[in-house]
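Read through the structure below, which is laid out as structure tokens, and then see the notes.
We just call them A, B, C, D, E and F in the order they show up, numbering each chain from 1.
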Amino acid sequence: MSSYPYPMLDKPSMIWSRQTDKSKDIKVHEWIETAGEAEPNWEDYDVTILGVPLSKSSISTSAASENPEAMRQAWKAFSTYNLDEEIDLAQLKAIDLGNVKQHVTNIEYTHQQIQDAMVAMRTNHPHTLPISMGGDHSITAMLVKGWKQAHPNENIGILQLDTHFDLRDPKLIGPANGTPIRNLIESETIQGNHVHNIGLHGFFNAKELKDFADKAGLHYTTMKQARKKGISNAINYALHQLEEEVDTIYLTVDMDVLDIVHGPAAPAATPGGMYSEELFEAVQIAGQHIKVKAMDIVCLDPRKDVGEQSVKSAVHTMLSFLTGYCKR
Amino acid sequence: MSSYPYPMLDKPSMIWSRQTDKSKDIKVHEWIETAGEAEPNWEDYDVTILGVPLSKSSISTSAASENPEAMRQAWKAFSTYNLDEEIDLAQLKAIDLGNVKQHVTNIEYTHQQIQDAMVAMRTNHPHTLPISMGGDHSITAMLVKGWKQAHPNENIGILQLDTHFDLRDPKLIGPANGTPIRNLIESETIQGNHVHNIGLHGFFNAKELKDFADKAGLHYTTMKQARKKGISNAINYALHQLEEEVDTIYLTVDMDVLDIVHGPAAPAATPGGMYSEELFEAVQIAGQHIKVKAMDIVCLDPRKDVGEQSVKSAVHTMLSFLTGYCKR
Amino acid sequence: MSSYPYPMLDKPSMIWSRQTDKSKDIKVHEWIETAGEAEPNWEDYDVTILGVPLSKSSISTSAASENPEAMRQAWKAFSTYNLDEEIDLAQLKAIDLGNVKQHVTNIEYTHQQIQDAMVAMRTNHPHTLPISMGGDHSITAMLVKGWKQAHPNENIGILQLDTHFDLRDPKLIGPANGTPIRNLIESETIQGNHVHNIGLHGFFNAKELKDFADKAGLHYTTMKQARKKGISNAINYALHQLEEEVDTIYLTVDMDVLDIVHGPAAPAATPGGMYSEELFEAVQIAGQHIKVKAMDIVCLDPRKDVGEQSVKSAVHTMLSFLTGYCKR
Amino acid sequence: MSSYPYPMLDKPSMIWSRQTDKSKDIKVHEWIETAGEAEPNWEDYDVTILGVPLSKSSISTSAASENPEAMRQAWKAFSTYNLDEEIDLAQLKAIDLGNVKQHVTNIEYTHQQIQDAMVAMRTNHPHTLPISMGGDHSITAMLVKGWKQAHPNENIGILQLDTHFDLRDPKLIGPANGTPIRNLIESETIQGNHVHNIGLHGFFNAKELKDFADKAGLHYTTMKQARKKGISNAINYALHQLEEEVDTIYLTVDMDVLDIVHGPAAPAATPGGMYSEELFEAVQIAGQHIKVKAMDIVCLDPRKDVGEQSVKSAVHTMLSFLTGYCKR
Amino acid sequence: MSSYPYPMLDKPSMIWSRQTDKSKDIKVHEWIETAGEAEPNWEDYDVTILGVPLSKSSISTSAASENPEAMRQAWKAFSTYNLDEEIDLAQLKAIDLGNVKQHVTNIEYTHQQIQDAMVAMRTNHPHTLPISMGGDHSITAMLVKGWKQAHPNENIGILQLDTHFDLRDPKLIGPANGTPIRNLIESETIQGNHVHNIGLHGFFNAKELKDFADKAGLHYTTMKQARKKGISNAINYALHQLEEEVDTIYLTVDMDVLDIVHGPAAPAATPGGMYSEELFEAVQIAGQHIKVKAMDIVCLDPRKDVGEQSVKSAVHTMLSFLTGYCKR
Amino acid sequence: MSSYPYPMLDKPSMIWSRQTDKSKDIKVHEWIETAGEAEPNWEDYDVTILGVPLSKSSISTSAASENPEAMRQAWKAFSTYNLDEEIDLAQLKAIDLGNVKQHVTNIEYTHQQIQDAMVAMRTNHPHTLPISMGGDHSITAMLVKGWKQAHPNENIGILQLDTHFDLRDPKLIGPANGTPIRNLIESETIQGNHVHNIGLHGFFNAKELKDFADKAGLHYTTMKQARKKGISNAINYALHQLEEEVDTIYLTVDMDVLDIVHGPAAPAATPGGMYSEELFEAVQIAGQHIKVKAMDIVCLDPRKDVGEQSVKSAVHTMLSFLTGYCKR
């Protein structure tokens, strides 16, 4: 595999075989190209998709490591044409780079590979929009650190859709999936007041994490507040707030923001959360914003799915985000 | 089985055994009679129910063939009394005619039997309301052709609840479940502008099908539009539009119009769709309209169900439609 | 087990082992204490939780008997802190008393134990708020009879969230899970006009039960009516109505009030029901009302659950009720 | 339902509808007739099949109550012709009598109905072979008591295939499913030394029950012993032993005798048990024995099944037994 | 897709992406090559693998159409090295040709494509060993007809591992999955006495089919007989018998020959069948025989599988057969 | 938790609450005591049970981390009395020490805790028999290293029941679950010729691992060989061979040695493996051998189980081993 452009990446485990020569009215698996032996001509591409199959860093056992492959399997069922918006995503050129290499027993090493992968993408083809498919939420800290390393002068904001603050202390449990936001703040990659979390609800965050959030100046809109004002208003409000302060907004979608009924595959799924149509609307609005320059989708364990409900929603989330991107 | 009235039908595989002599406060399985050896006195009946267990004609493998039997098993859990509307369906006399005979390897033959069954019903007892339980969506083309054959002078309109246009080209794949509306238009059974589809959304229809729809003059209200204006308004709007132009409105409910969370058993279920309460409201309104003279429920594969969520919703859909019918 | 205070109770089958000495930012299983060998000092406690693992009295076979243990297992995933309301339930002192003893073959005997358990609680520590985890709905009749026995001069009202009236005739089927409200009325434990049921819908109640309800003066708000006026308005209306007439309002939550998609584990779950967020809002409002003095959660069969969707919702229902209680 | 012959029976809930006039090469559901309104001419029949849907008497919650209906559904997949033995069961005339009426809350009452049903069968048509489909193992005590009541002078032996002794004390838990053999011994319906149990193994019987067995003179062959000598030898040995001493051998098959892999639906299924082919061989041999005059199949909870593995095995067990019967 | 060598084939839907350059100690998915754009140099290859995803021809609804893809996914978990026999399958060069094109609604057309595919393989590269992954058993008739068309002077024998005779009448149900052996006999492709079926058992074949078999001179060894004499003896006996009379032995493995516990995914799985280790032994012996020149594996519906038990067994069956082939 | 004796251990998460005062005829959960606040009097104990919930070290994602808790839940269904052998395990005094502390992101740290736990047990109470419940197979290397650290002069042999050699190279993937035997050999904890593996079969070991095994002098008996000579003979042969050479035999049971049908929960389960009754026989014989001084059970992922088939087999394996131990 000597000629493959990124040493920290594995090629996708399988390649969809195109059955037709059609260039329009195609399915998503016919649209997203797959990185092969030779280095792509990066200038041709608008969007790069990266698998980050790490979930050993999860507090409770998770097979979110299998999500990138599951999403690749599931996107075969989607067309590129979005009827609601009359937009064909095939106007974008997209490539699947494969997966970040995983060490079986050394999480720190894997985390470094993830950061390196983002640095490489931002260095080699900074004009492409990077979409990452987790893995658990620990990867967001590494991906944002990679962005910061590549763009040290940028102020980075985080728009987080999540049931949780993710402010647990990495000193106690290492860079696990409950810690990425705190990790980013404490490493001074971002500022606390450049984070806006939407979707918090219920009995799933300790009081001390809320206190930390308040002290750090985090912004957050609970699920109840978001529903009251309307999801689109909540997102627009957050984007307006962040755009004043930062150069880049990184959108991170923890699939456990969905109600347990709408996203059963998130290991920490709970009742009382967001509905999938609300999530699609939220990310489409975010995708439309000029400063939103990267996104990831995390914490979806396909083994816990019911049918393919959650994996299909994850793919739809990615495509809705790109629909917004096309509308810029 | 010589005396059974319809040569193209099999008797229901089993007959619910009545345990009581009650004539009110009964369950649906005690209310719907079952066709037996002797020909019924058709004048007594208001509603005929027909199973159409064909899903070999599906693009992807489907066991929608098992839906008629699954609905019959499930309706035992329903009373005839609708508390919301204070209406007792038992005021209607209903009979289950059994299933259209299926050929194991000759789909064309089976399709002809389906058409013949509708012709027979319209000829022998045109006063009864025919409800068909699919099977996949290919059967709708045959049922409507049967109606047209029996009533050649009628203009037939289609009110379709579906995630899909069903406008794929039968020349390429035969009369499969992605083709019924195109099949009906191209065979000049109906006119394109006599179709109104409600529920289209997301990434599940190719651009070329939308172009075909627009060219053929089809009407459609996407899920997003329907939610914005309210489901009842969307349905009423479609009914008003059709009633101007046609003599008969045929209501066809593709269960994949439901969100994947509400109707997991539809082989093509997707996130972002209709909720079951919205569907029940929609069909009740349609059932109330004087020109709606037939309905079918298609594309539900009970093997994909979660518990009996989807099958129970299919039965409820049928009963909500009949509730509307009682309110005429 | 000689020293355990209640002869009609079994100790909980297992005791969560506390791993920390933390007294705040704890999980629910670290907060709720477990009754042990010695009699607790009742004055310290605000809330008592009782398991009532009886479902032999169900009309259709149910493993709701396993619900108390399932809820105990599931509450480990919840924190005591409610972020939406900024309330920490740990301000209340709560104890799990274990389960009412069950006879393997004598339901009448078990029913008596249930009534005795309520009498004992109301006699020994009437200041605590009793929460009961069923079991099927037959237990509500016994628990309310126990309350009446302990407080013979009180007028007791029932706020029932249910898809069903529960007015079937105990003379025909004994004190089964379809009968508790009728049982309470006919035994003159309560008056018919002191019941308010919210959540009735669809084809799941016989006409004769509605007639009985109307004759007995029961109040009810169907699901459709509740949605139209808003769940919080419906609940507040019911509470206002009851508070005029009764001394104590007993809140009983039949989990089948949830839509089958939101509460798949209720044996009688149906489409068209309440959503979990609506249920949480409803019980929180009830918990806030000064006259609501007891609650139970019934008819949840964990074996029918999808993941832990329903059991988690049951725990959330209990915690939302207690959130309201804290806001008094 | 006035004319139905047995007041303690419900008709089968549904009747298979015959689709052909064939009298040979038929399926089991076309062969077994169903009791209807009129009294059958008993002399025509060789075999009567009775459903006993009682499992409220189970120590742990069980839906074995659903087994009779599940077996009826499953036998549609079986032909009457046994290729291994070149025997067609259709040479016997068989009738399904329906189910013993169940009281929702009074187990004692239901137990009496079960006993009465056996008395009625032995009185009205003693020449037929009664096969009972449980239900849990408590029913065996009632069925055998019914036999004794009808034939007071007979010595009855029990050939029991079971992982358990079923010698728990009815004084402690009532006539539950762990007690039937002790119940029969203590009520002097049978003698302890007229019982032979095959299939005991592992860690699933308390020492005190073995002591009781030894004291009562019970015979038993553990699974390990049975495998060592061969299942057919073990069964033949047990039959020879019993035939010396008793007039009638009652065969009771507790499906938990199967290894958990072969019979996953038995609530108490364990590893280390019998394989299905061994069970079929065992019951065929028993069926061939002139003194084996009744059989039952108990403790199979279809909700716990994997696919239909266990229910199909239960039907096969019944048919293998009848194959033996034909070979007499 | 103009340059792809076989017009009646679709390329495999996906291609495993090799992650290493290793040529030994590889996994099966690294070993089996995949047909691409250019025509392979057929002389290099020893084994060709063909997917035949047809199951519309099944009597009961089946998703055996998904088996070829499921086997391709599953063989990633197997190494080429067989430790039991110390044989590395990688000594053979194998290529996956993809799938026979499927018509959505015309089974006759698809059947012709299947026959054509076999003709093409036997014409273009008759030195390769063809292995076909069904689909249902109807395909065997087409594949053997294709062989006969390519080799009209050969006498073809069938070694069939099956619970069923597959002798139902194609005149009644068309060339469905219950008919292939009769189809081949009646079309004079083979002679009845050149068939040997091993694995028949239980209540799953009508008497008239046995009569047909006896009249046609078919050989068969029931499961019971095979176990008594030992599986390897039974297979060797059948091979010896056939080798006398025929030029080519075609091995067809209907996965429903497995006990329902060992092969839960076969739609017609039954208790009392073959164990997987017995099946592996049987096919390895067959693979070793010089006259066995083709094999297929049919009637496995992956949607019915438990975990991947059956699909893994199907892959193991193919590899065990090839192990035998290496030992020639 | 200051007074808990082992700093590297967490207390069991829950404690079974004894409902009776019985000291005989008890269930396993009443027999095995649970370590609490105070240090036990070690002299009283014969057997110590340790949970090692580590599976982050697995090559493919595994929730074997949940096995210790699953076994604790499941052993409630077992009695201490083994009827087959007429032995009551309650004659041994056993204590559950809880679980080795797990770091969320640092596997190396956790591995050290595991080794330390074994050292502590061998130092503080070397007379007790240590049984460890994994976790994945990587833990065996750490446990044996701990033994060696505590007993540096002992020669340690390994009796391994496994489908795999576990000889992959730790230099490539770290101390993962495919490496423990090689890890132990290369670290000179044990000698290659002091290992005997029983159960290897099929296509699940690379040729290079067999070559390594042969070079290192490992002994192994394939599944096929073991079945041919009889499992008990194979085990006895291995024990005799090892007893000549070593002081201590460590028994390690990888649950994937079971056939996929008998042990579906092993992540690497395959067809063609051992049956559960064979495994129970094997470990009972090993338990009886004087030099077998420790055992572990690994690689069982309860989330993959079918019912509780595999977890129950794991508990039975532990109890069968202890049965042998009692027979010394």
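We take it that contacts are C-beta pairs under 8 Å (C-beta built on N, C-alpha and C of every residue); 3 or more make two chains touch, one makes a residue touch a chain.
This one's a predicted model, so the numbers in the text were calculated from it and none came from an experiment.
Peer 1: Which chains sit in contact with both members of the pair chain C and chain E?
Peer 2: A, B, D, F
Peer 1: Name whichever of A-C and A-E has more C-beta pairs touching across its two chains.
Peer 2: Comparing A-E with A-C, the pair joined by more C-beta contacts is A-C.
Peer 1: How would you label the chain C and chain F contact, same or different, if same means the shared numbers make up over half of all numbers there?
Peer 2: Since more than half of the residue numbers are used by both chains, the interface counts as same.
Peer 1: From the centre of chain E, which chain's CA centre is farthest?
Peer 2: Chain C.
Peer 1: Go ahead and note the Å separation of the Cα centroids belonging to chain C and chain D.
Peer 2: The mean C-alpha positions of chain C and chain D differ by 40 Å.
Peer 1: Calculate how many whole Å lie between the centre of chain A and the centre of chain D, each centre taken as the average of the chain's C-alpha atoms.
Peer 2: Those two chain centres are 58 Å apart.
Peer 1: Centre to centre, by mean C-alpha position, how many angstrom separate chain B and chain D?
Peer 2: Going by mean C-alpha positions, chain B sits 44 Å from chain D.
Peer 1: Where in chain C do residues touch at least two different other chains?
Peer 2: Residues 261, 306.
Peer 1: Every touching chain pair, please?
Peer 2: Touching chain pairs, listed by label, are A-B, A-C, A-E, A-F, B-C, B-D, B-E, C-D, C-F, D-E, D-F, E-F.
Peer 1: Can you tell me which positions in chain E touch chain F when the two form their complex?
Peer 2: That would be residues 24-25, 28, 77-84, 86, 88-89, 261-262, 276-277, 280, 306-309, 312-313, 316, 319 of chain E.
Peer 1: State the interface residues of chain B toward chain D in the complex, per the touch definition above.
Peer 2: 1, 10-17, 19-21, 34
Peer 1: Over in the complex, which chain B residues touch chain E? Could you list them?
Peer 2: 55-59, 61-63, 65-66, 103-108, 138, 173-176, 303
Peer 1: Using the touch rule from the top, collect the residues of chain B that touch chain A in their complex.
Peer 2: Its residues touching chain A are 200-208, 210, 222-224, 259-261, 264, 269-272, 304, 306.
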